[in-house]
Amino acid sequence: MRLVTAVIKPFRLQEVQDALHAVGVAGMTVSEVQGFGRQRGHTEVYRGAEYQVDFVPKVRVEVVCEDADADRVVEAIESAARTGKIGDGKIWVVPVEQLVRVRTGQRGSAAL
Amino acid sequence: MHHYSAGDTAWVLASAALVFFMVPGLAIFYGGMVRRKNVLAMLMQNFITIAVVSLLWVWVGYSLAFGPDWGGVGLLGTFHFAALSHIGQLVPGMAGQSVPQVAFVVFQMMFAIVTAALLTGSIADRARLGAFMVFIAAWSIIVYAPLAHWVFSPEGWLAKRGVEDFAGGSVVEVDSGLSGLAIALVIGRRRGWPRELMRPHNVPLSVLGAGILWFGWFGFNAGSALSAGRAGTAFVNTNTATAAALLAWAAVEKWRTGKPTTLGAVSGAVAGAVAITPACGFVNTVGATVIGLAAGALCALAVRLKFRLGVDESLDVLAVHGVGGYVGMLAVGFFGTAAAKGLNGLLYGGGASLLGHQALAVLVTTAWAFGATAAIGLAVHKLMGMRVSPEAEVAGLDISLHEESAYDLEALSIGGRARHGGE
Amino acid sequence: MHHYSAGDTAWVLASAALVFFMVPGLAIFYGGMVRRKNVLAMLMQNFITIAVVSLLWVWVGYSLAFGPDWGGVGLLGTFHFAALSHIGQLVPGMAGQSVPQVAFVVFQMMFAIVTAALLTGSIADRARLGAFMVFIAAWSIIVYAPLAHWVFSPEGWLAKRGVEDFAGGSVVEVDSGLSGLAIALVIGRRRGWPRELMRPHNVPLSVLGAGILWFGWFGFNAGSALSAGRAGTAFVNTNTATAAALLAWAAVEKWRTGKPTTLGAVSGAVAGAVAITPACGFVNTVGATVIGLAAGALCALAVRLKFRLGVDESLDVLAVHGVGGYVGMLAVGFFGTAAAKGLNGLLYGGGASLLGHQALAVLVTTAWAFGATAAIGLAVHKLMGMRVSPEAEVAGLDISLHEESAYDLEALSIGGRARHGGE
Amino acid sequence: MHHYSAGDTAWVLASAALVFFMVPGLAIFYGGMVRRKNVLAMLMQNFITIAVVSLLWVWVGYSLAFGPDWGGVGLLGTFHFAALSHIGQLVPGMAGQSVPQVAFVVFQMMFAIVTAALLTGSIADRARLGAFMVFIAAWSIIVYAPLAHWVFSPEGWLAKRGVEDFAGGSVVEVDSGLSGLAIALVIGRRRGWPRELMRPHNVPLSVLGAGILWFGWFGFNAGSALSAGRAGTAFVNTNTATAAALLAWAAVEKWRTGKPTTLGAVSGAVAGAVAITPACGFVNTVGATVIGLAAGALCALAVRLKFRLGVDESLDVLAVHGVGGYVGMLAVGFFGTAAAKGLNGLLYGGGASLLGHQALAVLVTTAWAFGATAAIGLAVHKLMGMRVSPEAEVAGLDISLHEESAYDLEALSIGGRARHGGE
Amino acid sequence: MRLVTAVIKPFRLQEVQDALHAVGVAGMTVSEVQGFGRQRGHTEVYRGAEYQVDFVPKVRVEVVCEDADADRVVEAIESAARTGKIGDGKIWVVPVEQLVRVRTGQRGSAAL
Amino acid sequence: MRLVTAVIKPFRLQEVQDALHAVGVAGMTVSEVQGFGRQRGHTEVYRGAEYQVDFVPKVRVEVVCEDADADRVVEAIESAARTGKIGDGKIWVVPVEQLVRVRTGQRGSAAL
């Protein structure tokens, strides 16, 4: 199995969700993260104290899927998250050795 | 020398302070309802409104609204009191004045501020600050001051016709509701509305704001008696209608979705306070209760309208203040009773004439507020552009317009560097 | 015609507004202390309480509490003032009235509201809204109004016996403390209490609430003088005792755990304000200081009691208002001094008779509040079920009962879709 | 017996309550500006200040400030009114007293509290609580009470010289600004300042705090008239200057960085209220507007100073209250007009003599506040250590000093276990 | 080594923590996430605006452990997190190539 | 490619960021987590109710990098995050099979 992790722009989440649904992904786990990269942060000023905020709010989406589905999942996320502007984010894929559904104790594909 | 009552003056000044406090209350009521990325911009617009309207009021607005009538036609006051000159005189045309005019100036100033501040709710999350300032300044002088003259000044043409508006059902409520609609139409919908999630980012803040509004409304309504001795009736009716409307709104929600909401309940309270505003000095407990129930229910139904009409009048100034104001103004025509003060309405044997005056005031206010506001709004929009760029809207106004971020609630703040004092 | 003082009336109306403001203050004081998932439900209960008690009060409650006594036995008022009829008359039995009765109505209304609202603290995080409404309505009429008649109405049997309760040590404080205990026992412990982490979700909100309570308490206590000229003593004593209690509570925490807490300090302030409530008009600076110190220390110790007893009286209404009320009521018997007002207590040569009256009032209030509240609570619980389902309790009342969520503080709100206006 | 005015007393008591409310307002104004890990400590310091100064004031402070002068030299009052003995008498030397002395005691008490509370802003995020308590107690008695005597008591030496300070430009504002600078120097910079990110953790809280301050300032300034009838001018001028300063600060930011900030705007409001404090009863609309504009602009520029000087006077008490106080005190010398009250200033044909008195007051206050505070601060620091350990500072004062955590905003609170009632 | 990641119901965290302790796990890293899956979200209504919130609050627990311990860790989490109702969550296992304790610079098992 | 995950003390983030920059890392993703380990939590008290808070706030830093760079990245984080006191945190390395830059669709090293 594979774990696909995507770091995307927050306002693309809904599209990504829909795209994943379209390729048959039934579940995912999402969290809020801060990204640092080519996309610049911004300046904030409070009573003359100027701060450079380096980080940009991003959303991380994690999907565990069958090995065979990984490419499709990556592509679905990719096209749904793309705006073409700097900071669209990254997707990476990691091998998963075991997956368990807690409720039933099912292992592997059955746990999806 | 004219003799003033220290007690009445104490009450009017305390009331003025209470009405002032409604604006920070309104700011957080609205601020809690917008998304996190726009809350400071909302607060900013409210405080800017306080500042701009305060200065305009003492320099010219008050005089236009309450100065000696220009030509005796009841359309506008003169500049007699501009910059508070001649302020030691009496308020023109007002009977039995027991408070110094300067106290009346500050009391009425707070009304001018609150009314203007309400408009921030209609255009939440998308207005440029500079254009907003120009708009709100023009609006306060061109829309508000004349209307205040017509209804609140004893020399105004609607007042002379016998319109009964105790504390501003027309001048404040219908006015802000219709002006809000107009300016919302001018500025257009928020990006993503009504498709995207735009839930309130801090409901407790809004609830506290509503609590402050309720608190301040005692000054607003009971202060409008301009006399401590006559304020009690307005005070109790304000509370009764507000309470009844809270329950009515919650009941409508219970009926529609099965679950009453907290934001709905406090919105109901505001709707009730709005509706009793013109009526509080003219009705009894029955009237106050019925007005509250009606306002709560009707405003609760009215908030869904904008989705039907496709108008992003964002924080429901029309549904709450407009509709509530209509309910209250017209209700005086039914429930007004000479046993309290003023004329008898339809239900107390006074016939339809009072109702007629009230309807007239409502119509005039509707037309004036909508029309004049739309005109000003279009002019400002054309000349300066009232709306931020799409990028700024997506990023949020706090960062885009103000370079600030409302919250930093991480356990340990991370991810930034200081530059020394901005040098 | 009776002559009223505009100054006194201004003070009583301003005080009524201040006391009103205590309820939103209390709502956020409590709201900050509950877990995030239940904060709106807490606010909702408080605002619902305002609405329900307000309406009941003007329609019947006031008349039962302050109307002409039924049969002269001092147990209950008649319906003479129901719906505020005959409100132009004087308050029965009250000497030297310098404010119109309607001002007295609103002032006392706020007391009825605050007292009822305190009970929301005892049953935090688990009550169904509908059942709560029925309970609080019944409680206000059955428990509160009679007690107010007994002590606050000059025609009440305890008042006639010489009980001294300046602003509600028995009627408000002991009453809410014991009623809170009773209803907490009826409704039972929260799931997971006392094992699970139930820490306050927003302490600054609670601290602000405490600040509002302190502010409002000046109206509560000094307003109870019903005269501006005689209010100063109550005002200063209120502040002195509140300040002393804050320090005493912090000192107890310093002694017990080495670290005074902010929530503890402001809870101490509330305890001090509670304790001086019955005493503020009857004692001097020494009395106020000692009462504050005693209340702060004793209430700080009392909050641990519920863990020993295994009673989830969730936000310590008993420990703060009950215990604080006892301290204050009895302290009048010791520190009361005719140099201020009222009779001399034990320490000022007045003997034990005043202390006896105070003890009587405390005993009666304890028995009545606990017994009658338990009875009403059991009845409502039996008939309607006062408690939400376990699932609703785990998910939190905000989502389960109100379909809302208090905060959306993510930098950019995510994870939801709109359905158009709920159609 | 002396005759009091109920109306004036109602106004002064209401004002006292309003001024009290400024302290919770200030607490959240400052609390929102610090980092999340220190917010409760900030609130705690403010509430502790209320408690400590309240008790000291009634027991001795008031008497030192307003008691009959010791030896007639105008330096200090005697213990005549200690513990509020002889409080039924008149305030020594004050003409035309229409409110009971006890009302004056509470009104002035709030000033003593607010002024002391301002110092919490200078030493944010690093002070030990115990040492802070000792410092603030000593400061209130040694620095504040004498200064209040010099300026506010009619028997004080500066008052007798003709210094005009309506509501505390010297006693409150310059005093707190310079004392703040002194104590900030004594306690030293925060770890990481000015390198690290120290952005405000909750700006809406600060904005609400500013709203409360503005609201309360009407009591502060217009209450200082000690008469309802004469309060109106102070009231309107307070609002005018506050509004003008808000705009001026925002304009400076617009000019400097292109983007006005919300925190800046409300800081401007505070600066304007500060500057009009000494002047509000002595100037007209022109004066109030100019004073506001000047204060807003100058204070906005002054906040950058500390970065140049390398002094971590953390929340800008010097830049806002110090500089604002200077502007206001000196402005009286220019804009004071006998048409309002007091003497004519330079611009109204009164010559430079009033300006001279004002300059004297400012110089004396500067020297006294800075010198005496530095001395007390050094003594306390030497004896007890005013500063927490580096570890405590990094972990945050809330956890380190108070064992509490301000927020638990997770959707579902996790990660802790209860121990039963701390046993 | 293995990285065991579990997405569980928040109110089971304490039990999971205890269960991990029982199998000798000395450390873990926990974060708040939003889950999407079979368990439905809920509706929220604000003044007539109705929103469907798809995500359910979950807690992610991450434990790095010896290869040999992975199964025991998974089982411990599994049984402690199980309520038997939909939404109990998933556990997945990923290979880890290196582990470092920052304080000491220890590598591998010694870093646990 | 490799995914280097570090759980560190929050106030070391800036140093870690600088150190990563120094070894040529252009991007990273950061999130707030709660850590449990040898470092003790703290006690909180609210009106006599005493709670033991087990978790300590930590920051998680995730960096995807070339296989060859992994060691350098680990070492950079390690030395920047080290204070020598308990709780300095862990770093672990996981194999990555694919990396995508959403904006351009670039794969592998080109996506960094």
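Assorted remarks:
Each chain carries a letter (A, B, C, D, E and F) given by its place in the written order, and its residues are counted from 1.
The rule is simple: a contact is a pair of C-beta atoms (placed from the backbone, for glycine too) under 8 Å apart; a residue touches a chain by one contact, two chains touch by 3 or more.
The structure displayed is predicted, hence computed values, not measured ones.
Between chain D and chain F, the least number of touch steps comes to 1. Although chain A and chain E share one sequence, what matters here is the overlap of their interface residues, and that overlap falls short of half of the numbers used. Between the CA-based centres of chain A and chain D the separation comes to 50 Å, rounded to the whole angstrom. Remark: chain C and chain E have CA centroids separated by 45 Å (rounded to whole angstrom).
Annotation for chain E: residues 11, 14, 30-32, 34, 44-46, 48-51, 53-55, 94-95 touch two or more other chains. Among all residues of chain B, those that touch two or more other chains are 5-8, 10-11, 14, 194, 196-200, 202, 257, 259, 261, 263, 304, 307, 403-405, 407, 409-412, 414-418, 421-422. In the complex of the two chains, the chain D residues touching chain B come out as 5-8, 10-11, 14, 18, 35-37, 98, 194-204, 207-208, 210-212, 214-215, 218-219, 222, 227-229, 231-233, 235-236, 239-240, 242-244, 246-247, 250, 256-257, 259-263, 265-266, 269, 284-286, 289, 304, 306-308, 396, 407, 409. In the complex of the two chains, the chain A residues touching chain D come out as 44-51, 53. In the complex of the two chains, the chain F residues touching chain E come out as 2, 6-8, 31-38, 54-55, 58, 60, 70, 74, 77-78, 81-95. The touching residues of chain D, counted against chain F in their complex, run 196, 394, 399, 403-405, 414-419, 421-422. Residue ranges on chain D touching chain C, taken from their complex, read 4-11, 13-14, 16-17, 20-21, 23-25, 27-28, 31, 39-41, 43-44, 47-48, 50-52, 54-55, 58-59, 83-84, 100, 102-103, 105-106, 109, 129, 202, 205, 398, 401-418, 420-423.
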